[in-house]
Structures are given as C-alpha cells and as structure tokens.
Amino acid sequence: MDGEQLKTLLQQVREGKISVEQACEKIRVMPYQDLGFAKIDHHRAIRQGFPEVVYCEGKTVEQIITIIEQLNQRTDSNILATRMIPQVAEKVLAKIPQAEYHELARMMVIQKGKQKRVGNVLVMSAGTSDLPVAEEAALTAEAMGSRVERLYDVGVAGIHRLLLNHKQLFAARVIVVVAGMEGALASVVGGLVDKPVIAVPTSVGYGASFKGLAALLTMLNSCASGVAVVNIDNGFGAGYTAALINRIGEKEE
Amino acid sequence: MDGEQLKTLLQQVREGKISVEQACEKIRVMPYQDLGFAKIDHHRAIRQGFPEVVYCEGKTVEQIITIIEQLNQRTDSNILATRMIPQVAEKVLAKIPQAEYHELARMMVIQKGKQKRVGNVLVMSAGTSDLPVAEEAALTAEAMGSRVERLYDVGVAGIHRLLLNHKQLFAARVIVVVAGMEGALASVVGGLVDKPVIAVPTSVGYGASFKGLAALLTMLNSCASGVAVVNIDNGFGAGYTAALINRIGEKEE
Amino acid sequence: MDGEQLKTLLQQVREGKISVEQACEKIRVMPYQDLGFAKIDHHRAIRQGFPEVVYCEGKTVEQIITIIEQLNQRTDSNILATRMIPQVAEKVLAKIPQAEYHELARMMVIQKGKQKRVGNVLVMSAGTSDLPVAEEAALTAEAMGSRVERLYDVGVAGIHRLLLNHKQLFAARVIVVVAGMEGALASVVGGLVDKPVIAVPTSVGYGASFKGLAALLTMLNSCASGVAVVNIDNGFGAGYTAALINRIGEKEE
Amino acid sequence: MDGEQLKTLLQQVREGKISVEQACEKIRVMPYQDLGFAKIDHHRAIRQGFPEVVYCEGKTVEQIITIIEQLNQRTDSNILATRMIPQVAEKVLAKIPQAEYHELARMMVIQKGKQKRVGNVLVMSAGTSDLPVAEEAALTAEAMGSRVERLYDVGVAGIHRLLLNHKQLFAARVIVVVAGMEGALASVVGGLVDKPVIAVPTSVGYGASFKGLAALLTMLNSCASGVAVVNIDNGFGAGYTAALINRIGEKEE
Amino acid sequence: MDGEQLKTLLQQVREGKISVEQACEKIRVMPYQDLGFAKIDHHRAIRQGFPEVVYCEGKTVEQIITIIEQLNQRTDSNILATRMIPQVAEKVLAKIPQAEYHELARMMVIQKGKQKRVGNVLVMSAGTSDLPVAEEAALTAEAMGSRVERLYDVGVAGIHRLLLNHKQLFAARVIVVVAGMEGALASVVGGLVDKPVIAVPTSVGYGASFKGLAALLTMLNSCASGVAVVNIDNGFGAGYTAALINRIGEKEE
Amino acid sequence: MDGEQLKTLLQQVREGKISVEQACEKIRVMPYQDLGFAKIDHHRAIRQGFPEVVYCEGKTVEQIITIIEQLNQRTDSNILATRMIPQVAEKVLAKIPQAEYHELARMMVIQKGKQKRVGNVLVMSAGTSDLPVAEEAALTAEAMGSRVERLYDVGVAGIHRLLLNHKQLFAARVIVVVAGMEGALASVVGGLVDKPVIAVPTSVGYGASFKGLAALLTMLNSCASGVAVVNIDNGFGAGYTAALINRIGEKEE
Amino acid sequence: MDGEQLKTLLQQVREGKISVEQACEKIRVMPYQDLGFAKIDHHRAIRQGFPEVVYCEGKTVEQIITIIEQLNQRTDSNILATRMIPQVAEKVLAKIPQAEYHELARMMVIQKGKQKRVGNVLVMSAGTSDLPVAEEAALTAEAMGSRVERLYDVGVAGIHRLLLNHKQLFAARVIVVVAGMEGALASVVGGLVDKPVIAVPTSVGYGASFKGLAALLTMLNSCASGVAVVNIDNGFGAGYTAALINRIGEKEE
Amino acid sequence: MDGEQLKTLLQQVREGKISVEQACEKIRVMPYQDLGFAKIDHHRAIRQGFPEVVYCEGKTVEQIITIIEQLNQRTDSNILATRMIPQVAEKVLAKIPQAEYHELARMMVIQKGKQKRVGNVLVMSAGTSDLPVAEEAALTAEAMGSRVERLYDVGVAGIHRLLLNHKQLFAARVIVVVAGMEGALASVVGGLVDKPVIAVPTSVGYGASFKGLAALLTMLNSCASGVAVVNIDNGFGAGYTAALINRIGEKEE
C-alpha cells in the first residue's frame, strides 16, 4: 500500500501535477509513515479497537485532566487511564461524566460507542490482596475488546479451589495469573493447561518477598512451559499482552 | 464426556452389573482423570502435534539415552532434547540415526513423520552471541509446528538494520526477541509492532550485566506494551510460548 | 470414612433410594472432599482445635469486620486475626466484646469455650524490639492449643542471660527463636539443644541489616543442626509451625 | 541430678574425704557439664541413637579419613559423613569395609549394630535433578532412626502426580519438600497437609534462579502455614530437623 | 604564573622587603595553591564561568539561606542550588530577588551579569516523568555557559519520534540522555551518533525498576560505544560533565 | 580472685560454717560470675568509666524515660542514650535536668561527676550531611573517657583540605572516618597514617548509593591496610570501638 | 545534501530520465541513508580515522579470523579486535603479519598507514592489576587518533604518588581513571581537575568487591563533579568515549 | 621541623647563599615531603618494624619473584607476601632460602634478624575451614611484631568450647574473630569482652552464605559493641589492624 502511495506521488511528479519541491517535502516526512508505525500511532485505535492509554503516576492533576480531555475530543477509540487516584478521578468525572472509574483497579475507562467483546481471556488471582492488579489486567483486556472471565482467590494453599474450577481454565484462550507472596500459582496453572499464561507478580507480601521480587523470580523460573512474565504489579501490561494474544484467535490481520 | 462416563457407571451400579465395591474403586481413581489434565498428559502430543521434551542438564549420559530411547518407542510425537552437549548427541545419534542434532542450539530433534508448519513466528536476536538461545527458541517453535522466520544481529546500536526489515516485523503473528547486554531490542520492537513480543534476556555480556540480570530488568521494565519475559537464556520457554500463541491463530480448540 | 460415605451413596443408588442424576451431582463435588483437604477446610478446626486465621494487612476495615463476624457466627473454633491495627481492633471489640486484642502483637484472639493447652513450646527473643514478633508467635501457638513459655531479651551480646536459663531450653519440646540485627541467637540455641528450633528473623536493625536480610541469612546459614527458618517478621508462621510440631508429642493422628 | 552430684561433692568436702583444693578444681570444670550440653556432646549419641556427623567439604582426604577412623573406634553411634566425593569414599571403604557410600547423596553412613526405625518422615522432591539433596535428607533422617518414605519427581508442573499420592502425604508425621527452580512444591504441599513441612530449596535451575535464591524466596514467602525453610541444598539440615520432629511423636523426653 | 608569584616572593625575601617569618607563613599556605586546584577553588568561577554549587538536600533552611547569601556577596560567578524545595526557594527569593527558581528541576540559579552561552549540548528525555532530572541537567549546563537544546519525550516505544529529530542529534557536540524504566534510549542514541553520550538513569518506574537500578544497568551495558553513565537521578552531574566536554570544543586551555 | 572466693566457700563448708544446701545454692549461681563477664555486667562501669547505653529506636517514650530514670538512680557511671528524638529528650530533661541533649547527634549524655578525658581519638567527616553520625561517634568516645578531636567536611573532592590538616591525622592514636556517598575518605586517610582507622559508612547519598551500601562496600574494599568498618550510620559503634582502642594506649589492664 | 540528492532524483523522474519504478526503489532504501547513520556505517572510518571494532569474546577462532580478514581487505581504516586471547592472536598474525598484538590488553590493532595522534588523553590506573583494562583504554584511544599519556599505579593508598604527578593531570584534555577494589581514585582525581573524567571500575579485588560492583558503586556516587562511568572492565568503552571527547578539542565537525 | 627546613632555606635566600631559582625549585617539590607521609613511605619499616607487603594474586610468577628479590635487597624490614600459591613459593624459596612459606595461609614471610614480639593479639576461628584466613591474620600480626595466641574451632554451635577458654579471651589486648557460614562468633565474643574485636567473615559455606555475604552482614549488624569488620577472607587486613591496635599498648609514638 505505501508502495502504491509513493508510486502515485512519483507519477504526479512525472506528470507535473505536483512540483519537485512539494514532492520533496512529502517524501521527507514519509519515511516513518511508510514504515507503518506512524500510521498505527495515528489511526490504529479506530481500526483495531485499541484504546489510548494514559499512565497517571508522576503526572500532576492538571496534566492528567488536560491529556484526557484532549484525547476525548480527538479520538473515537476508548481511553484508558491507569494508576489514577480517586481525587483525580472525581475531577475528571466532573468534566467527562460518561467516564467510568474503577477504584479498586485505580483505573478510568472512557468507552466510545458500543463495544463487542470477543474471545476468552481468563484473569486469575491468588489472593484478595492481588485484586487491584488483577482488575487492572481484566479491565485493560476488556477495553481492548476481549471477553474476560475472572477467577479470584484461588491460591495454591488451598489447591482444591483451583481444581474445582478447571473448566474455566480449559476454556480460556489465554490466562493471566496474578499472584504475590511466593507466586506459585503461575506454575501450577501453567502445568494444568496448554495455553499461554501471562504471569503478573504483585508486591503483596512482606519480609523476604522484597516487594514482589520473590514472586517475580518464582514466575521466571516456572518449571511449567508456556509461562511469560511482566513487571511486578503490571496488571495493565498483562491485560494488554493477553488481549493481543486473544485477538490472534479472532481473525488474521 | 466424563459426566457421561460417571452416569454410565452409576447406571451399571443401579442395574447390578457392577458391584458397589468395584464402582467405589473406579470412582476413587477417577477425579484426576475427570479433570482432563491427566488425559492431556497421555494423549495430547498425538492430538496436538506437541513434542515430548527432555531437559538434559543435570542428567547423566545414560539417563538421557534411556529416556530418549523409551520416548522414541512409546510415542508418535516429535521429541525435543534441550541443553544436550555434543558428546551426548554423538551417542544418541549412534542409536537413533534419524535424530537431528543442532550444535549451536545444543538441541536434538526427533521428527516423527512429515510435519506441516503453520502461522508465523519471528525470532530476532540482537547480536551473534545470542544465536544459541535464539536458535533454541526457533527450533522449539518449529518442532511444535510453527513456521518460523529468523532475523538475527539487528541490535539497537545500529537501528537502521532493524528498520530496514520492518516488513518481517509487521508480518509476524508473534515475535521472540533474544538479546543480552542491555537488552534494549525488546522495547524497540515492542514499540514498533502491535503483536505479542516474548522477550528472552541472555547471559551475553560482562561486568554489570551480572550474567543476564541487566537484560532481564530492561525487558521487565519495557516502556512498550505487549512485552512479556521468560527466564535468562530460556530460548526453549520463549519458543514454546510463541508456538502456543501462534497456534491460536490457526484454529480455535 | 469417606470410603464409607461413597459406599453408602452407591448403596443408595443400587437400592434406588437416590436417582442416578442426584448421585452424579454429589460425586462430582466429592473428589476434593475425598482427598481429605476439603474436609479439613470445613471441619478441622472443631476436631483439632485449630483456629481460623484472618490476615488483616491490605484489607479494609469493613472487610476485616465482616470476615470476623461471619467466622464468629459460623465456627466453634478459635479465631485469630493477625497484623490488626488498634483502630480496627476497637471497632471489632465494639461488636464482639469477648474478643481479646493484643496490641504489642497486633493480634486479636477470639477464644471459643475453654481451651486446654498442652505440651511445651518455648518462645525466645533476642531483644525487646523483637517482642511484637515473639508475642505473635506465642499467641498463635497458644490459640492452637500449645502451652507456651516465654524467655525474652536473651540476646548473645550477654550470653550469660541465656545460659542462666538453660533449664527452660532443655525442657521445651520445640523452640521458637526470634531475633533481629545479626540474628545469632538461633545458632547459639541450636547448638545448646537437641530440639527443633524455628528461627524468625525480624526487621529490627538499621543499615546493613537491610530490613531483616542480615538476620535471615544468618539463620539460614546456622552452623547448628536442627534450625529451620520462616520469613522475616513472620511470628505467626513460626508459632503455627511450632504448634504443629508440639502436637506431635501429644498423640498420634 | 547435677544438683545431686554437687551435693555429694560438698558432703565429701564437709566430711574431709576430699581436699578443698581438689573440690575447687572439680567445681571449676563443672559449670559447662552442669548445663547438660557438654554431656550431650559426649554421651548423647549412645543414649539417643544420634549419629556423629562429618562435613567433608573443605577438608583434605587425609583429614577426613583420620576423623572417621577415630570416630569409628571411639563411638558406638552411627557415623554420617556428608558431601563426600567418590574418590574419598573409595579410600575410606578400603579401611572401613562396613561403611556404606551413597554416591547420589554424596554421603557415607557407618551403621553400628541394628537400628530400629520409627515414625514416619516423608521426603518429596520436585524433579529428578533434586535427588541428591533429597537423598541426603532421607539418609540423614534414617541414620537418626526415622522411618522414611520417598516420593520423588512430583513437581507442580504436573500436579496430578502429587494428588494421586495424597495418602502418603496424609500418613506422614513430618514432610521434607526438596525443590529447585521456582520451588512451588512446598506451598502446594503445605496447603494440603496439617503437618510441619521442612522445605529445602536446591540450586537446580539457571538464569534468574540465581543458584537457588528463587526457590529460597518462594519457600520463605509460602502462603501456606506450617512451612519452615533450611539453606539452599541443605538436605542434611532438613533430614536432621525432620528426624528431631519425628522423634517427638515417639516418646516424651 | 604561580611560579612567578613564588619567584617574586623569594626576590622580596632576598631584597629584605619581607621578613623570613612572613615569607615562611605565606609559603606554608601556598603548597595547595601551587598545585593549581586551590586556585580553582577560589578563582576558577570568575575565569571560567563556572558556578558555585550548593546541594540543598539534607541541609536546614537556615543553612541553605546563609550559604547562598554568603556566596552571593563573595563571588561574581553564577550560583547554582540543586534539590531545593519550593518552601526554601520562597524564602531565598525574598532575600535575593534576582534569583531564578525552576520548580520542575528543583533548582535555583543566580545569574551574575550577562552570560554568553556557547557550543551545543543536547539534553534528551525518554518520558515526561523524566523532565525534572532532564531540566536539572539542562539548567546546570546553561549555568556553566553551554548553549543547550532540549529534545523531550522521545522514548524508544515510539522510535519514529526520535528518528524524526535526527538533525538535532547530529548537530550536538555532546548529548545527555535521561531515561527511567528500562533506559533503552541511551543505547539507541549512542548507536545513531558519534558524539559522547552522558546517560542518566532515573528512578521513574515501579516494581522491577528497583528505583532506577534497571535503567542504570541498561545504560552501563550499552551495546553502543561512547556512552558513559552518572548516578541515578543525577541530572546535575550529567549537565556538569556535558558542559566540561562542550567547553573543550570552544578553546584549548 | 574468684578462685579465692570458691576456696573460702569450700573452707566454710568443711568447717561447718555454712550448710551444704546453702553452699550448693551459692555455687549454682556462681558459674557465670566466675567467667568474669557477669561481673563486668554489674560493676564494669564504675571501675572503668564505661557508660551504660540505651538504644532508643523502637522503644516507646515511657519505656525510655523509665529505663533512664532507673539507670540514673542505680549507677554512678555515665549514661548514654542514642537515637533519641527531641520530643523524648524534652521529657527526659524535665525529669533529669543535668542531662545534656545533643540534637544533631540525636544523643543524650548524663555525666556523673567530673570526667578526665585521655588519649587522642580523631573523628573525621567527609561532608556536612555526615555530621549527625560523626557527632554520635565523637560524643560516645568522650562519654567513654576519650579526648576527641574533630575534623569535619574534608571529603576527597577537595583533597587539599585534608592534606592541610595532616598534623591532626598524625597526632591521633586512632581515627574514626565518617563518610557517605562513595566513602573514599577512609582509603585516603588509611593510606596517609599508620594508625587503626574505624570507618563508618553513612546513608548520605541517593540513587546508586543504595542507602549507604556504596560507601560500605568502598570501605570494606579499602586498598589501604588498617581500616576496619562498622555498620552504616553506626556512629555509636565506631566511637565505642575507637574508645576501646584509645584506652589501650593509657594503661594495660 | 541529502535534500539535494532527493531533488535531483525527482528532477530525473519529471524529466523521464529515470522510471517511476526505479525511483520508487531508490527512495525506499534511502530513508536510513538519509538519516546519516547508514552512511556513517559505511564511510565514517575513512573520513574520521575511526577504527572498525571486533569483540572477540564468545566468537569461535574461525569466526574471528574470517571477520578480521574481510575487514582488512574491505577497509582502509584501522582495525581493533578486543578481548582476543593469545592462541587466536597467533593464528591471525600468521595471516596478517602487520597486525600488532598487545597481550596485556588482550587486544589486536591493525594500523593502516601512518596515523597522526592529537590532543591529550590521560589514562590512569590505581594498581598494577588494573593494567589490562587501562591498556585496553589507552590502545583504543590511540587507535582512534588520540595522543595518550599513561600514569599507572597511583592508587589512593599512597596519595603522594598522585599529587607528585599533578602536572600530567592538569595538562590532559580528558582523563580515564581505571581502578578496582574500592575505586576511590576516580573521586580524588575528579576533585583535583576540571576536566571530564571517564571512570572504569575493574573486577580486581575479592570478597565484598563482588567482582567490581564495589568500585562501580563508588564511582557512580562520586562526590566530585564531572565523573561519568562505564561498565566494569570496559577499558574499550572508556578509551572510545575519551577519544570522542578529545576529538572535540581538535576541530568542530 | 619542616618549618625549620623552610626557614633555613629562606635564610639562605636572604643571605644570597642560594639563588632564587634554586630555592624556587626546592620549594616546589617540597610540599609532599613536608607532609611527612612520603618519608614514612621510605623509612617507616626500619623505624617501626613494619613489613613490606606483596599481594601476589593477579601478578605473574616473574613479577612476584622480581619484586620480592628487589625488596629483599633494598630493605632491612620483614617482607610479607600474601595469597602466594605453592608453585610460586617453591621458586622463591630456591632463590631466597631463608624465606618461610606457610602453605595453609598461602603466605611467605622473610624475617630479617631477630624479632621481639610484644603485646597480646588473640586470633580465633569458628571452624577448621576458616584456618587459612585465621593463619593469614596470625602470621601478619606476628610479622608486625605482635605476640599472637591462637584459639581455633570454637564456633557457637558448641558454645561451651568457647566458654571453657574464657581466660584467653580476657587476657588479650585485641581479638581477631574469623568465621564463615553465619559468622555468629563475632557477636558472642564481642559480648563477652571489653576489647576491640576485629571480625573477618570468610567465604566458607554454601547456598545462602553467598560466598561470605551472610557472615559479613552478621558481623556488621553485631548487637555487641566494639566489633569492627574487614573484607571477606581478608585475614591480612585483620592481622594488620590488630597489630596496629596492639602496638598502641606498647608505647606512645
């Protein structure tokens, strides 16, 4: 396609429909667009149902509101704002009432139009303290158009809870496993299924959990195949990756 | 289905075709098979084209040969032996001549029958020293039935090499990025594509690379979304996960 | 016993007292109960005098109160709530006046009926700053039915204090050693006795104690045999393990 | 008893049967014997069936042989030599033919007379590479008079193997869990049983296992109660502690 | 020159213009001035346009104000105060109105007279959260007489932003790259240019960024040549070093 | 001497002046006193001018006041309270007006009678932020009877400041070097003198100082001989050790 | 210039001198060349006197020889091969006799024609064990056209050695400081001069040097301004960066 | 004194006995000698009985022999060569027969004339594997003129061995404690005595000893006052420091 655009442009040069200088200018800004990724930057959300994402941590309240308002006017795609504290959410909601704030996940979603959710992403958590991260993963995948099932509080200390729900595990296309403390759930799930497992260590724990390091190492060393890991507490990244994977099952691009 | 089996069994009890004691015994061993995962253990390779895997490190030569010979007789699926040194390979080849040994990847593959490779897994490496790990990933994905493309030696220190090959990036269904030293390639690739990226840090480097820790942390902290990480030097795990993801694009299970 | 239940059920099927469908449903939920651990979940407290445990950190005040109230109504066993701050304790006490709150150990115990404490668990601490963790261990073991002796502030910097109390050491069935800073007490005690020692490193200290890491490593490397270690500040885990061990001396299961 | 000895001595002083100087000398060396631990040093093996232990690593071949020969002549108790390489074993066996060398566990046992093994220690391992450490634990516990059962290669990647053997788990008095890589087995076992679990992380693994650190942290952060941990690869320490615990069930001291 | 001073002094001694004792005293304090570095301490700012620097962290408000006031009276060179919080800035501004406070960079600059800025230092940042550190670098280099260009928010997740600005990169004499999270920008820039790159890891990130450690390791292991690194968040050090380098291009000393 | 006491006691037994039972009791509590360290515990302060020390961190205000008041009544030796915050100091001063509180060092000293300070301990600091730790060291050594000189703010970034004061270095009997950030001062001083140097790393710094770890490692790896190190920020420990060393020069014990 | 090339091309299109398809193809490969870095890749060595660099570690002997032979034929620039062991050097020298092998620095240099060395790079080392890394830095800078002075074995344990050579320090344009153990030399030098200092930590040391980590942290935390750091043992990187800086003083690009 | 030299020189200038230029030159090289430390470098060994020290690790056999031969001819003081392997020792002994090689300590001592050893340094070790480091400490202190007592294999696992030898502890002027594994001995000894204790962690141990890190942290966090620490396995440094301290008790300098 980009080859076509360039060909057309050169044809116009040959035919004198466009000056050499104008063509020169157009080609100079083209390289990056020709690569495709610039186009993705501008248009991919509309085409692919991908949300725009705002990472709120380390931004001032004013910055966050301005960015979201501008995005809201400029784009038809969903908007996702992660790590947003309630005080900020309140102010955004006052300006954009259709926004939905999920306090547990510290996340705001602005849904544009009706979204069809497809496929099957299963988000599991080991304990109740892992819920904020698990919900961040689930909401992210949903905002990206994935149908999401949740299976929470099924840590390995009571493994029968996990086994009793094996049908959900076998039905999923991709599974996100969220666990803190020793993070053993990822290995157990990885051993039960033949689906890709995205493991999210959380900072839940104390002492030698070293703020999630223990769970991170556990997951990286999983004796089960098919387990890949994201950063500690990175529910967003896990949900995003799971949605990318889930989409593969829908249609080839 | 298992429901059906149980129903049939109970029907037989009611009809006196089987004694209470016999039924009792059958039900007691049933739970794990009813869960489905035991069945997978026995039959999944045949059904799904999944290979049997032998991790050779820490096993004696005798143990490795015995295991591979037994697997070779017992199963119709491919057999994969990882981290196998040439001395061992030689002895196995003497007994199983159809085995193929890939010295760079320290891997042996025993292909059973003709395999159709489908989909599109791209395996990239940053430097030439990362090749053993990259090849382990590529061969694993191939043994699991994935069509694999290779794009090697495209580290970020010469980013034009990467950009010149953007078509391969955009064509892949899932990308494995193998990189040592600072491991920055995963982030750059993750920022260019909207496919899942499985990042493999390698122990290539010295000093403050701390045997792959630097690359591992880089990849876990990737500012690009859609990047998930496996253990240092774990080419097998990355290839396995990529093949699981690639398979989703083929057909729903 | 479970064998008995299943036998009875099958007998009822044979005798037509229960339909195949009903039996089917009953058996489907049975597997995990047959394993024994599900039963433990529901019934072990009553049989064994084990408490229900609520870990309060990371839960909201409302969640904690709800969980404790429901447990209090549903179970006849003791209830243990760990890492509970005074503000929460106050609210719980207002609703459940028979609860006892131990501020030093940040722990609440709800004792159901009169409890006989048996055996001999010795809980030792190196310094006064280790007391919260030591008390958590002691109260946990007591709530699980162990008779507990306390020997506090006997750190190795004044080893005569320890030696003067050797009789308590020799009388115990199992010893919990709680120590921060360099955690050397565990090794010294382990060298004096031929009892299992459960060592608890605490985060007491500063600088190169790295929040308990120094004491943890000390205890893991103990040159004395018979020392096993739990997580930093994990008084609960130590008390729980010690009570399990102490119980072995009472009666075989 | 020591009180009695002292009283007798003082009586002899009063009665002039022993000079003040002689009594003085006797009392000066008494304190440490009065504490009981000196006695344990000299006599405990005979009374309690405890073995003498020789840690071979970092000792010369000559030193090891000398120590074992002297112990062999001096004591009637069993002798245990840990981390002994085959070259040394060969030389010891040439001198002490009744010694048994266990190559896998790198351990030598010299059994004195017939030993009755009691109680029930279960030693489990996650993978086959963990066997040397597991066997070190099992042989140690046996040399200390414990009856030991072994349940090997039941890692969490195939959890049905573990569940199918639940009877062994429930029958044990104390369980030793040996696991490398991510070490998740300890948590799963700890969640299934209400027995003390001694967890041994092994250095099996690569990359981010950091020579056993990953498994160590996993086990320390176990979400299951009743799990205590020993040093990486410390099979001896786990077997020793398990035997101490197992003995509690036999008879009160 | 110092040689000249000494010669003059000795001449004065010979000519009796100054007593031996006085000369003795003068020479005793001279050694360090003879080395040249003492002179730098007292006079270099005037000669070289170097600022006096006050590091405010860990100093009381009173201490900071006193030091700045004294410097302001004593020196004609610029004054730089780093890591100054707004509350302190307010009080200093009340006393020294010509001071300029840069809140984002937590930095105060007191410009003495008109400053000519020369050369070409490019300060780049990966994300907007890295701005405080980037601005600290830029303002420091400016206060030291460097002309500074800024290129912010050009992280590798959207590498076309970086490539679109390649002219700025090629025009610079020295480049400061400020990046948190995985810090990959330094490698990419280092691979594009043949200028010295001063890399500044920032503590921006969470989880396995370990407060900047990930970015630090990434930058130290850069596969691109010509990259040197300063401490985490040390914008001042990077700006200072860049200004030293930039000055080399101006004139030889 | 203790030999004498025992002899006397036995003589009394022989002579019937004391009953066997009474002697028995006396001897039972004697062992630890015979060792000498128990005596030190009770009497050493008076004999040796050593202070009693109270570590305030992690103790409640009430506990601190009670302990100091009791010590104040019970002992004639100096009292030292470390890590005391001003709020606590105020309350103690209200009760014990003769106490002196040193806010910078967070230390309280209660001087009993007139103290003669002897020897020569030099306490040096690299920067002004290191002063609290340096003062803790200096005041501790003074309270233990050492004459202390202070040489502050002589960090290696301006080494002439250090060299100009070489006489103080050469005059000291033992030197305490307090330094944060990179802690290089200890090596430089260690290379200049042939006195024992006690190095104290401080947590002053940011980023890769990792709260004092950088300075700690620097000091442990000092290329200069004669440097020994105490914990991060442990001014008390350094002052105490220096005073012990300084005392050796006074008189042999 | 590139603008000119593009303009000419488009003019040719308009004038029909080149077909649209041919122009299309030419423009498609142009972007990366237009950026300038591709040109650098092909031509920069000739223009700038920069060497081609081969990193030998992790490459086979055959690979190294092939790469060097090909480079030697293809380029007129100097060739640098780092981390080359003597066995390999011998084989290369047999084929390319004009190559020079520096065993201490494990480096081979192939000098093409006569090279003029300009400017003033000072390479310092703390101890004699740091020489391999220091020589790697010096030889790299020389191969890049820098005049290099060496000042070795001037560690801070004997600081007079350093001070006696202050003239060399003040004469340099940029200084490379190579030091292992505690690495304090970088700070002392940084405090003496107002030149950029490139610090290279080495793995020289033992115990808590943690293979260079101690020196690395020391240098990153330098209290002296103007110090930037490269990876542990990275003499090449330091020499390369120093040469880039040194070149700035020669002529503006 | 140096003041005197300078005065004389200036007097000579005034009196015309020396030219201004000559005086100029003399004064310029004077500063470092005036500081006194350069003199110490040349003469202190003779005056003070201090040995010259050669650290052999990382030096070639030829370098070591050359250095020792030159030292042997040039100096009358003792010579100490540390970390010397037997192969090197053999060659040195062939040339300098009066040298003594201590294989266990990997140390060579060349004693010049008869040495009087004074004071009382006690070197203790926890286990037999710590002997090489302990002997390095003892031999170093002896070579520096200290009388040394040894008390080995008194680890805390059998604390009565330590207590039985309390007289040696109380008699020492300074104590060196060498211990690996958990290193608890330093704290216990520090608590028993009121002498400075120099603690040496050793790399003896495995697993979570992390090559001496565990023992190092233990010793740095010692709850006993008066304990200072040197690098892991740094027996030389401990012996050197202890000898410096011991010498204080002999005579004031």
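General remarks:
Residue numbering begins at 1 within each chain, and the chains themselves are lettered A, B, C, D, E, F, G and H in the order written.
In this section, a contact is a pair of C-beta atoms (placed from the backbone, for glycine too) under 8 Å apart; a residue touches a chain by one contact, two chains touch by 3 or more.
It should be emphasised that the depicted structure is a prediction, and the values quoted were computed from it without experimental measurement.
Each step here moves to a touching chain, and the least such steps from chain C to chain E number 2.
Of all chains in the assembly, those touching chain C and also chain G are A, B, F, H. Looking across A-D, B-G or D-H, the interface that copies F-G in more than half of its residue contact pairs is found at A-D.
Rounded to a whole number, the gap between the C-alpha centres of chain C and chain D is 24 angstrom. Inter-chain spacing, taken between the CA centroids of chain C and chain H, is 50 Å. Averaging Cα coordinates per chain places chain D and chain E 61 Å apart. For chain G, the set of residues touching two or more other chains reads 31, 35, 37, 158-159, 163, 191-192, 207-209, 213, 216, 220-221, 225, 231-232. Taken as a graph of touching chains, this assembly fits none of the simple shapes: it is neither a line, a ring, a star nor a complete graph. By the definition given earlier, chain contacts exist for A-B, A-C, A-D, A-E, A-G, B-C, B-D, B-E, B-G, C-D, C-F, C-H, D-F, D-H, E-F, E-G, E-H, F-G, F-H, G-H.
Taken together, the chain H residues at the contact with chain D in this complex read 128-129, 158-160, 163-164, 204, 206-209. Interface residues of chain G, counted against chain E in their complex, comprise 35-37, 40, 44, 48, 50, 53, 163, 166, 170, 173-174, 191-196, 198, 216, 220-221, 225-232, 236-238, 240-241, 244-246, 248-249, 252.
Across the complex, chain A is touched by residues 29, 31-32, 35, 37-38, 41, 57-59, 63, 201, 203, 211-213, 216, 231-234 of chain C. Within the complex, the chain G residues that touch chain F are 126-127, 155-159, 163, 181-184, 187-188, 190-192, 205, 207-210, 213-215, 217-225. Every residue of chain H that touches chain E in the complex is listed here, in rising order: 3, 6-7, 10-11, 13-14, 16, 20-21, 23-24, 27-28, 30-31, 34.
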